[in-house]
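Read from first to last, the chains carry the letters A, B, C and D; within each, the first residue is number 1.
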Amino acid sequence: MTQPARSAVTRMLQTHPQIRQSPFDLAALTECIDACFECAQVCTSCADACLGETQHAEHLTHCIRLNLDCADICTTTGRVLTRQTQPDMAVLRAQLQACVAACKACGDECQGHAEKMNMAHCAVCAESCRRCEQACQQMLDGLAA
Amino acid sequence: MTQPARSAVTRMLQTHPQIRQSPFDLAALTECIDACFECAQVCTSCADACLGETQHAEHLTHCIRLNLDCADICTTTGRVLTRQTQPDMAVLRAQLQACVAACKACGDECQGHAEKMNMAHCAVCAESCRRCEQACQQMLDGLAA
Amino acid sequence: MTQPARSAVTRMLQTHPQIRQSPFDLAALTECIDACFECAQVCTSCADACLGETQHAEHLTHCIRLNLDCADICTTTGRVLTRQTQPDMAVLRAQLQACVAACKACGDECQGHAEKMNMAHCAVCAESCRRCEQACQQMLDGLAA
Amino acid sequence: MTQPARSAVTRMLQTHPQIRQSPFDLAALTECIDACFECAQVCTSCADACLGETQHAEHLTHCIRLNLDCADICTTTGRVLTRQTQPDMAVLRAQLQACVAACKACGDECQGHAEKMNMAHCAVCAESCRRCEQACQQMLDGLAA
């Protein structure tokens, strides 16, 4: 059986020289990094797909704007989480909270368009936003414990 | 007298079709966007300068890591703030808080290296981090009022 | 059997309103976008892992620098490729060429460290760089045909 | 007289430990880094302003798309140029060429909207794109000489 390519995240974390000092559960961290990078790609795609909905673009203005914010915030959160060498926990916590807020706002907006306007790309995007929101929240819960 | 080029931020905000709906004081917003983009550039530069301090690189590991986080977080915060069309205030607030945390952590670390190791690039970087931290905090204070 | 999460790329492209106007083979495009986002994550991770190799950091300076360039270039290339609405082919071609150059330089450097210094994270990173270099080159070859 | 804050670019380059090994003219490099970061901010702003032109958004679809590409490409080019430690000239050259292509495409499109639709933000953006295109071309010419 072929291994899915995204296991590169796992392999990088497993070979990191300072991974034993990580305050995170490795499986939860891997899931969260993966969810951030996926959501960054999907939100970039959803902004562009909404822009291409030439007959509905005006109703999708808020969605495009939230997609662009969420793509940038997920990219940055995924990068900050990827770095395991001597992290600052206050920075990490605040960026995770920003990512939860962005994924919640974007997921809510996309879910609305999926349901009311039957936008298939918004349905996929809502799903990625939920997955990323939950993964970031799980990381925050783990830090607080 | 020639006008400094960064007034492009000002001119873009002044010609934005929805700037009258902005919840922000225009001068404070301009200053904050400018501080975010400056700090993103300066932190990218400080990470690279620290990496190039071949005899001290080991002592600068934490500084490089914080610089990279701060560069990414300031880039994203500057982009989110730049967007004036239909913002989500919860997202904006959370990202500003992440930027305050990143600039504080990076500014503290760089100031330490400037004072103890006489690192001139860290002194410049600490100054940019303080400016950006204060500008973001001022935006947050304005939103809360 | 569960579907790997990265099929989100596929689902977004399949539901894009303008995908029929795409000049690209859909399978090749999907592979290339996926390779860009994977390589962006892996290079961010390899820069950080090299930084955490406290006894070897000095020998890894060039590697860290190339990793940082490659992470930024792959992120941007993945975003440009993700956008399917009214692309500019000259921009797309030039950014793909920059990505080929970055992945080649970073892949060569990482492969050297994997072989000579037995750096396991560099071996994983070299593999992701090769995959991304080839996927971008395949896109360029398809455009030229 | 107060010094404009963006001279932070200059101060960072002047204090960089490896700046004497730079293959670039320092004034040209400073100008190019500054132009890239300015253009990244301005294109992010122009995409958002076009999105907020609710009565014209459909005619601005191509402009928004080019703005988003140009913002990402300028951000990455500005970061790659900022790094002075052990650069790879083939990567640098290819990314500068991508930036020239993006700024040309976006500048042409924005100039057209400035002239035909009297879009003031597009006029400012066209100016920043021209400045960045020329600064990148000047860097390329300097490398070839």
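Simple rule for what comes next: contacts are C-beta pairs under 8 Å (C-beta built on N, C-alpha and C of every residue); 3 or more make two chains touch, one makes a residue touch a chain.
Chains and their UniProt names: A, B, C, D = Four-helix bundle copper-binding protein.
Given the structure is predicted, the values throughout are model-derived calculations rather than measurements.
Trainee: Looking only at C-beta pairs that count as contacts, which pair of chains has more of them, A-B or A-D?
Mentor: A-B
Trainee: Where the centre means the average of the CA atoms, what chain is farthest from chain C?
Mentor: B
Trainee: Please work out the Cα centroid separation of chain B and chain D, and write it as a whole number of Å.
Mentor: 18
Trainee: Averaged over CA atoms, how far is the centre of chain A from the centre of chain B? Could you give it in whole Å?
Mentor: 22
Trainee: Calculate how many whole Å lie between the centre of chain A and the centre of chain D, each centre taken as the average of the chain's C-alpha atoms.
Mentor: Taking the mean C-alpha position of each chain, the two centres sit 28 Å apart.
Trainee: Which parts of chain B, given as residue numbers and ranges, touch two or more other chains?
Mentor: Within chain B, the residues that touch at least two other chains are 48, 51-52, 54, 61, 65, 68, 75, 79, 83, 85-86.
Trainee: Show me the residue ranges of chain B that touch chain D in the complex, using the header's touch definition.
Mentor: Against chain D, the touching part of chain B is residues 4-6, 8-9, 11-13, 15-18, 33-35, 37-38, 40-42, 44-46, 48-49, 51-54, 71, 75, 78-79, 82-86, 120-121, 123-125, 127-128, 131.
Trainee: So in the complex, which bits of chain C are touching chain D?
Mentor: That would be residues 61-62, 65-66, 68-69, 72-73, 75-76, 79-80, 83, 85-88, 90-91, 93-95, 97-98, 100-102, 104-105 of chain C.
Trainee: How about chain C: which of its residues touch chain B in the complex?
Mentor: Its residues touching chain B are 47-48, 51-52, 54, 57-58, 61, 64-65, 68.
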